[in-house]
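Here the chain labels run A, B and C in written order, and each chain numbers its own residues starting at 1.
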Amino acid sequence: MSTVTIPRPSKPWGVNFKQAIPDVVAAFATLLITYAIVAYTPLKGKLAFVIVLFLVAVIASAAISGIRRDRKAALNSISTVMIYVAGMFVIFPLGSILYEIIRRGIGGLSLGMFSTDMAVTASDAPLSEGGLIHAVVGTFYIVIIASLISVPIGILTALYLTEIKGKAAGTIRFFVQAMSGIPSIVAGLFIYAVWMIALGNQYSAAAGAMALAILMIPTVARTSEEVLKLIPSDLREAGLAMGGTQWRTVAMIVIPAAQSGLITAVILGVARVAGETAPLLLTMGGADALNLNPFAGNSSAIPFYVWKNFLLGTETAIDRAWSGVLVLMIIVLFFFSLTRFLSGRKGRF
Amino acid sequence: MSQANPVHSLANVAAAHSASKGDHHIAGTGIEAKNIHAWFGDKHVIDDVSIDFFPGTVTALIGPSGCGKSTFIRILNRMHEFIPTAAMAGEVLLEGKDIYQSGTDVTKIRLGIGMVFQKPNPFPSMTIKENVLSGLKLAQLKVSNQSELLESCLVRAGLWNEVKDRLNEYGGALSGGQQQRLCIARSLAVSPQVLLMDEPCSALDPGSTLRIEETIRELSASMTIIIVTHNMQQAARVSDRTGFFLSDGGPGRLIECSSTSEIFSNPKDKRTEDYVTGRFG
Amino acid sequence: MSTATSTLPPKREITTKPRFSDKVFRAVVTTGGFSSLVILGLISLFLLYNGLNVFRTEGLGFITGFDWIVPLPEEGLPAQYGIGAMLYGTVVIGLIALFFAFPISVGAALFLSYYAPDWLKKPMVLVIDVMAAIPSIVFGLWGFFVLMPHAEYWAKLIHKYLGFIPIFDMPANAFTRSPFIAGLVLAIMIIPIITSISREIFAQTPLDRIQAAYALGATKWSMIKSVVFPYGRGGVVGGAMLGLGRAIGETVAVYTVLNIVFDIRIEVLLSAGGSVASMIVNKFGEANPDELKALMASGFVLFLVTLLINFLANFIINRTARE
C-alpha cells in the first residue's frame, strides 16, 4: 500500500480563532462601556440600554475597522452592524406576541369553553362560566362556505392563466394581484350592500363567508397559478399527443399532477381569512348564542368573539379575549404548518 | 485517407443493419410530407421540405441543432400549432388524406400518430399500469381486455420483464431509460400507425440508449417510425432511411434524404458528407 | 443560391375544430377567469351606487371637509359628511408605519440575502412568514395591552427631548391611542410584506454583477450600494407601496390603538387621529340609513385609493422583476 498523503481540507477564507480574538474583545468592551454609561449617567432603563449598546457598537466597530484599514472599511462595518440589528429586530415582535398570547390566554383556556356559548353568561362572570363554542362553530361555517365559493373561482382563474392563456390573461393576472390588496373592510361593505341592502337578507355566517371569499380568491388563484406553472408543458403535450382533448388532459394529467400544490393553495387561502375580523363585523351580527344555521340569524366567529370581549372591557372579558386569541392563533398556525408540511413534502416529480 | 474512416465505419454499421433486417413485410401506413414550410411569427424556420416516409421503415432525421428537425416532426402530428405564433404551409398526407384539412378532428389524427418526447415524461400521478392505459382514458377508447393490452404494450416496448411485478408503482420510480420505454409503451396502447420520436435518447445513458434502439428496431416491423436524433451513430444503427437537415442561418432545408447506407457511405451533397464525417455540427 | 427560390407559398390557415367538451371546458374556465374582474367591477359599482347621493350632496367637500355631523331626526338639520380628517389621518399613520418599517425591512432583507449565516436563514424566513399570517385582531390586542405602555413611555421621551419640533408638541397630557402608536403597530404588521418582497428582488440581482463588484475590491456594503440597490430599487419601492396599501386598509388593529377624532392635527403623539377604515367600523354600529350611505361612499374612496396604490406597486415590482 503506497501512502499517499491527502491534504486535510481547510477553509482558509473562514474566520479562524486567532482572527476572532480582537472582535470578541471588542464586543466585550462594548458591553462594558455600555454598562458603565448606563450606570454612571442619567440614561436609565431597558430602552436606554439598548440604544446606548447600539450606538457604542456602531462607533466601536467603525473605529476598529477604520484604524485597521480605511474609511471604506469603517463604513462597511457601520452598515453591517445596522443590518444585523434590523435582522434581529424582525424577530422580537413575533417572540413578544407569541409569549404574551400564551401567558395571558392560557388561564382562560378550559375544555368547558368548547362546549358552552355566551348566551347566559354575564360579561363579568368568572371564566369558568361560558365558552366560545358558538364562535368555533361560526368560524368553521365561514371557512367552509368561503372555501366552497372561492376555491372553484380561484382554481378556474389559475387554469385560465396557465392552460387557456387567453388574450386577457395579462390583464386578469394584474387585477387578481391588485385584488389581494383590497382592504377587508371594503369586502364587508360590499357584501353588506349586496346581500343585506339590495337583496334584503339578514346577518348570517354565510354573509360573512361571502366577504371572506372575496379576500380568499386572489390567494387561491395566485398560489394555484404558481403550482400549475410548475407542471412541465411536456406532460400536457404528451396528453394531447395521445389523442386527449384539452379538457381530458387537464382533468386527468395536469390537475392530478398538481394536486398537493393545489391543496396547499386552498389551505393558504383558509389561513389568510380564518382570522379576518373587519368584514365579519358588518355581516355576521355577532351573536352570543350558538346558531347552527349558517344561512340565517346572527352568528359569531372567533375573531368576532375576541372583538366583542375586548370592547366589553371588564377584566374577565379581556381574559376571554386573550383565550380567544390563543385559540385563533392555534387554528391559524395549524393551517400555516399544514401548508409548510404539504409544500415541503417531496412531490412526485 | 484517414479522414474517411468515420464514414466507412458508420457506413458499415448502416449496411450491416440493413442486411440484418432483410426483407420484411411492409406494415403500417406511411406518411407523406409535401412542400412543408413553417414559421414562428415572421421567422421562416422550415423551407420546402418534402419527405415520403415509407410504411414499416425507420427514418432518421439528422442535422445540427436549430435546423428545424424538431419543428418538422411536430408538424407531422399537429403539435406545431400549440405555439401561438406558429404557422405552416404544405400538406401532410396520412392514408392519402391531408391532416391539416379544415374540419379534421385533431385528436383522431394524434391518435394515429404517436409521439415520444425528448425527456421521459410519464404522468406523475399515475402508476405504471395507469400510464400505459392512460391513452385509452384520454381518448375515451374502449378495449375489452385491458390486461392483455397492458402486457402486449409493455412487451413490445421491452419493459415487461422489468416491471411485471410492480405495475402498481408510480412511473416516477423507474430509471430514466425505463421511464422512456414506459412512454413508448404508453404511445403503443392506442395502436398508432406512425410513431414520432423527438431525440428520445438524448437524456439517457448509453446502456439505456442501446436498449431503446433495440426496441425501435423491433417496433419497426409493425409501424412507421420517424426519429429525430443528434447522434449520427444512432441514425446509422437504427434507421433504414436518413434525411439530413441544415440551416445556413435562414430557414432549415432538407439537404438530402435517401437510404441510410447511401447517406453515410456515398452522400450526394458535399455538405452531407462534411456533416457525417464530423467536419462541422 | 438561397435567393433563387424567393416565392414562398401562402401560410395555411390552421383550423382546429375543438370538440364540444373542449368548448365547454374553455367556456367554463374563461368565465371563472373573468370572475375576479367581475367582482372588482361589482364592488365599485355597488359602493358607488350606495354612496352616490352623498357624493352628490357633499361634492368635493366629502374629500376635503372634516366634519361628520349626524343630527338627530327632531333637529331637522342637514347632515354633514366629510372624510378629509380621516384621509389625512390615514396618510399620517401610513407614513409613520413606513418610517419605521421601511429601513428595518430593507435591512432585514439585506441581512437575509447577504449577511445571515445559512443556519439562520430558514428560521428567520419562517418567522417572517408567520408574522405575515397573524390576524390583525391579534396585532390589535397585542398593540393595545403590550406595546402601548412601552410606546407611551417612548412617546413621553420623544416629547421631552424633541418637543420643540411642532409634530412632537403636546397640547394635552394624553399619550395613549395616538397616531404614533397606531403607526408602530402598523409598522410591525407591514414589515413582513416589505421584507419578503425586498428579499425576492435582492435574490434576483445578477450574480455576475455582484462578483464583478467584489472583483473590483468592493466591500460588502459598497457592493450593495453599487449593485444591489440600483438593481432592486424599483422592487423595494413597490414593496413599500404594497405595505402602505395594507396599512391604509387596516381596520381592526388600528381601531384598537387609535382614538378617532374628526380633526386635523399635526401632533402625532397626541391621542387623536384618523383612519378611514377604522372610522367605518366605528360608525357602522349606530349608523342610520343615511349615514350608512356616507360610510359606503367612504368605503368607495378607500377602495379606489388602495386599488390605485396596489396597481402602481405591482406595476413597479413586475417591471423590476422582469428586467
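Following the convention adopted for this analysis, a residue touches a chain if its C-beta (ideal position, glycine included) is under 8 Å from a C-beta of that chain, and two chains touch if they have at least 3 such contacts.
What you see is a predicted model; the values in this text were computed from it and never measured.
When the interfaces A-C and B-C are ranked by how many C-beta pairs touch across them, A-C comes first. When every chain is reduced to the mean of its CA atoms, the largest separation from subunit C belongs to B. Centroids built from CA atoms put subunit B at 50 Å from subunit A.
Centroids built from CA atoms put subunit C at 16 Å from subunit A.
Between subunit B and subunit C the centroid-to-centroid distance comes to 55 Å (mean Cα coordinates, whole Å).
Among the residues of subunit A, those in touch with two or more other chains are 245, 248.
Shown for subunit C are the residues that touch two or more other chains, namely 19.
For subunit B, residues that reach two or more other chains under the stated contact definition are 107. Those residues of subunit C lying in contact with subunit B across their complex are 2, 5, 8-17, 19. On the subunit A side of its complex with subunit C, the touching residues are 47, 72-73, 75-76, 79-80, 82-87, 89-91, 93-94, 96-97, 100-101, 104, 152-153, 155-157, 159-161, 163-164, 166, 168-169, 171-172, 174-187, 189-190, 193-194, 197-198, 214, 217-218, 221, 245-248, 250, 271-272, 274-278, 281-282, 303, 306-307, 310, 318, 321-322, 325, 328-329, 332-333, 336, 340. The part of subunit A that touches subunit B in the complex is made up of residues 165, 232, 234-235, 237-245, 248-249, 252-253, 256-257, 259, 347-349. By the touch criterion given at the top, residues 77, 79, 82, 84, 107-108, 110-111, 114-115, 117, 119, 121, 123-126, 134-135, 137-140, 170, 172, 183, 186-187, 190 of subunit B touch subunit A in their complex.
Those residues of subunit B that touch subunit C in the complex are listed here as 35, 37, 39, 44, 47-48, 78, 81, 86-90, 100, 102-107, 248, 250.
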